[in-house]
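Same chain, two partners: chain A is paired with chain B first, then with chain C.
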Partner chain A sequence: MKAGILIGGLVVVGALVAVLYSGFGHDPRAIKSPLIHRTAPDFSLERVDGKGTLSLAQLEGKPAVINFWATWCDPCKEELPVLLQAARGAKGVQFVGIVYEDDPANIENALARHGGAAYPTLIDKGGHAAIAYGVAGVPETFFLDRTGHIVAKFPGPLEPDELQGYLAEIRGSGS
Partner chain B sequence: MSSLGSLLVLAALLASVVGAALAFAGGARKVPAAVEWARRLAYAFAALLLAANVVMEVALLKLDFSVHYVAEVGSREVPMWVRGVSLWSSLEGSILFWGLVLGVYVVLGARTLKRFPREEPWGLGVLLACGTFFAFLIAGPASPFGTVSPVPPDGPGPNPLLQNSPLMIIHPPMLYLGYVGMVVPFALAAAALFSGKLGPALLQSLRRWTIVPWLFLTVGIILGAWWAYDVLGWGGYWGWDPVENAPLMPWLTAAAAVHAMLVIERRKVLRGWAVGLVLTSFLLTILGTFMTRSGVFNSVHAFSQSNIGPTFLTFLALCLVFSVLLLALRMDKLGRPGNLEQAVSREGFVVLGNLVLVVIMLTVLLGTVFPLIAQAVEGIQVSVGEPYFDRMTVPLAVAVLFLMGIGPALPWGRSGAQEWKPLIASAVAGAVLAALGLVLGARDPWLLVTLFAAGLTLHVTLVEMFRPVAQRLKHGRGLVAALKDELGAGRRRLGGYLAHLGIVVALVAVGVSHVGKLENDVTLTQGQSAAVGHYVFKLGGIRTVNEPQRQRLVAHFDVLRDGKPVGALEPALNYYFTQREPIGTPAVRTSLTDDFYLSAMSVDPGSGTVGLRAFVNPMVGWLWVGALIVAAGLLLAGWPRGRTAEAAALEAEAQGASVPSAAPAEPA
Partner chain C sequence: MRADGAGHVSIRVQAGPSLNFSDERRRRTNWACLAWRSTAAVRHPDTYVSGSKILAPVFVLILLALALPPRASARASASQSIIHTVSGALAHADPEDQRDGLPAGQPLSGAALDQKTTQVASQVRCPVCQGSSIGDSPSSTAQDMKREVRQMLAAGYTERQVISYFVYSYGDFIREKPPEHGFPAVVWIAPPLLLLLGALVVVFWLRNKSRAPAAEETAPAPAVAADDPELASWLAKVRALDGEKPPKGS
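== the complex of A and B ==
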């Protein structure tokens, strides 16, 4: 019997299996945003409804939800009613939609189908805001506390209870 | 359909469980009748899985959407051939197909083992134990035969990427034949450890059955690279993705194992090492399957998140522990560890080559699992990119090139100053190739070293390849007769050198294409042109092609090389109706010196503009040529010898004699 092979082999096997096992439960595609805990990048964008522009500074120290979306994206359209409903019910939280690579007519149509806009929707011409926020794909939603720091980022469509969880978090923090 | 399929899989599971138990019990208690029954159950296992695959194929072709897997990948919109190959387009189907391939190998392994009564029970037991795991996987965690209710009228069809190229018909089966095939040498090696003896006849079988999956891995890897190059449209063929690394690792250890067996034949040492390498090759195929199917690794075509991960990890852990225990407890029985009498000799270089191949494998393994380690230890997300792999593997690959040249130039067993003399001519050949590279514009130091090593090895390989022919000619045999001898008695040797030749060609192609790549990203409107390298391309127009399952936007480019028209290229974007994002089809013009490669990123028929990436990839065509030569060499080296030679080896073993050493020297 070779004790060296036995012990060495079992140590290597144990380490390998432990490392592989640790991989379960993590989505290897989920990439954390380096922006978390940092001040949100500023933007100043035109509103879809033609009522001028909106910038981050204008949110006046309210917690905010910034949702990047587009009408050509099916998951975004599924997510839209969830956001609209939450925005109508949420007091003290400012929702902002930023449209990525789309035209205003499509947006107005989509909003109208869900009972009209409940929060400002902005057009990101040239995708500068999306680049500043490191948007990898739509929908992607950023949660800001009242000091304008990014608390969390959520890739993909939000479910109502997930959204409520984040809202509670940004209402409570940064005060 | 669903219940028939499930029933067949459950029967296969039963056959493998009972068969494995009978085989191990029959071996331990020396009951030949039990082993006989285990063999019959092995055949039954294969037949049942074949039948289950036939049932699934019928369901796929007839679009029986009540079957879970058909509902997942079937579609009325796709052509018949796509329906047929959908069997391996998604997770559950591919595991079922895996089962079929395993069945074939279990039969082949069982037939080989029949000739080794002492080892047969253990080998059969290991084969059927692996069969048990896969049958369990197909029956439970990855069952494709579930029923769907209500039955949907239509399905989404298989992943469009897979519909986009006929290469997908052939690439996965080749890779499976390589992956699954490692189970046969694994069973033979484990059986040798159980019985405590690795005689010449078993060694020959082990060698051949290691070459078979090694050959299929070669073909599978290169088809995967070709597919990435021809379909994915990023202009390259290798990205160190886990799915690419997965088959590369067992390929490396199988290469090391086959070479170590050469030393066993001549010096009767390294038995434990070679057997360990064979076991490792199998374990790496299981690890590779885990990587691509567990959802734990981020990879270009990791199958979607699935619940087979934990089951697979359990199997991997069991196989690892089994292998370590077997090696630790039984390796001593295989013979003295032994020392090489001469370090600077052909066997010395084989050992060195073995070590380098294993180090490359460990480097690739570390790079592949590093993101998991970082996540587990530091909680950070990192990815190990091309820079790590390139920096680590380039020097090691160059080392392999040198060893492939110097080793075969040295004789077995002895060394002296005079043995190095023939290498002077080879070094001159290396210098000539490096100088040629310098003249043609190569400035990268690693590329120049690669060219030098390649020239040296090419010279040694060609000289060694034709040495026997030259000797026979000298002894008065005709050229045709001499060549015939070489293809007959010298087949193994010729195959080995041919494989070396192919590796040299492929590595030079990899080096040159990596260093000399040119790229230009442009957006053109109709009539505009752009240039990359000595190619100019002009957008002639865009046309729309409607097909049942997709719409194609085809851009037409007229191509000039050094000012002369050399034809047209038509890269396209394909919009599958079941998929949001379009999938491109790049267009490639291959020549002996370089590939001109156009990949459309956006096509707008309205404004008549095309955004595209244009590449000049030097020598990529030679990579495929080199791989083909390697495959041909392995085919030749692994081709079964005639019955008489086999019988002679068995007889020699019975008499306790060693393998005849009169045969011409093997490549190192």
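== the complex of A and C ==
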């Protein structure tokens, strides 16, 4: 009887420890997107540079990087030069910035500090696109293959090597 | 909106009932016309008749173009915009929905819309908060999401469609209450099962405990002092004080 209670207790405690251990080193806010492997939600948003609107359908046939960001977000400001530099060097990949809850003047200033826009930057008034993509906080970056399916989502600021890894992935998939 | 395997995206937009402003437009047009005629008659009584014949239709047209169509088109545009935004996702979110992501209910407005928005918003978790719904949170993200709920309900989407839309984008995490099917249903089933299990353990433990003393009472007293002469002498003294006869052989 005593051995049974001991074994039962060890099993329960062991299970709890296993659950808690699996949570170590895991950001509770980093929720896996249910949109992975699904068609990316469509959007049609105004460009910050005043050159009309841009929709997802216009990116058809190209792998794409969609970055949600804002100028009031410090990690976004750290990430911005990484994305701009990658976009200037990347061939065959369309970068798109979607700015969330921000002012066009602030966006222009932020881009100017890094040598100007290297890709279209759109304003998401009301956050419709951010909600459609399940954005819980900026920055968040979505990687789309050439068929318009979401291959990966990265929450937080991207490092250059991480970005290059995702670019290689979307160039190779969906063909 | 639908997307085929080749990534071609097509959009289906349904004009919502918010386009039907014919009665309201007619009423406002009549009021505008009356206001113009009365003013003109007072200021230019001699030229009023001939001038009104020429200018009245122009004036009415200008009023219609400037005042009424923007309001109607703004509402229709908002309705179409939200349908455009959510229909593609909803078409994928609920395969049993035969409406291809288009609104399945009646558009709401006024107090009914306010009430339903509050009710549905309380079921959607704020993704940037700790344990509060978008109805309770003052964060701008929650406010945007609540506005999205309101626009969807105003466009005619049902409560189920609204929740499905958010679940499609954010996953089951976004529900304030976990679903009662699939793996998340464990959170509903496990507590009563564990409670039952705990109750069974307590019942068995109590039953065993009640049996054990009874067995101890009926068992003969062990001759603990039989092998210990020193203890036996003390035991004999205690028993003598208690008026108990010493066991044989001690």
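Note that in this section the second predicted complex is superposed on the first by the 173 of 175 C-alpha atoms of A that agree within 3 Å, B and C clash if a C-alpha of one lies under 4 Å from a C-alpha of the other, contacts with A are read in each partner's own complex, and residues count from 1 in each chain.
Operating definition for what follows: a residue touches a chain if its C-beta (ideal position, glycine included) is under 8 Å from a C-beta of that chain, and two chains touch if they have at least 3 such contacts.
Quick caveat, the model's predicted, so the values are computed rather than measured.
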First (chain B), second (chain C), both or neither touched by A:161: neither
Partner chain in contact with A:35 - chain B first, chain C second, else both or neither: second
Residues of chain A at both interfaces, chain B in one complex, chain C in the other: 1, 31-32
List of chain C residues in touch with chain A within their complex: 1, 3, 5-9, 11, 81-82, 84-86, 88-89, 92, 127-128, 140-141, 144-145, 147-148, 166-171, 173, 208
Contact footprint of chain B on chain A as seen in their complex: 1-3, 5-6, 9-10, 13, 16-24, 26-29, 31-32, 72-74
Of chain B, residues touching chain A in the complex: 290, 294-298, 302, 305, 309-310, 313, 316-317, 320-321, 323-325, 327-329, 331-332, 369, 371-373, 375-376, 381, 580
List of chain A residues in touch with chain C within their complex: 1, 31-35, 38-39, 41-44, 56-57, 60-61, 101, 126-134, 136-137, 146-149
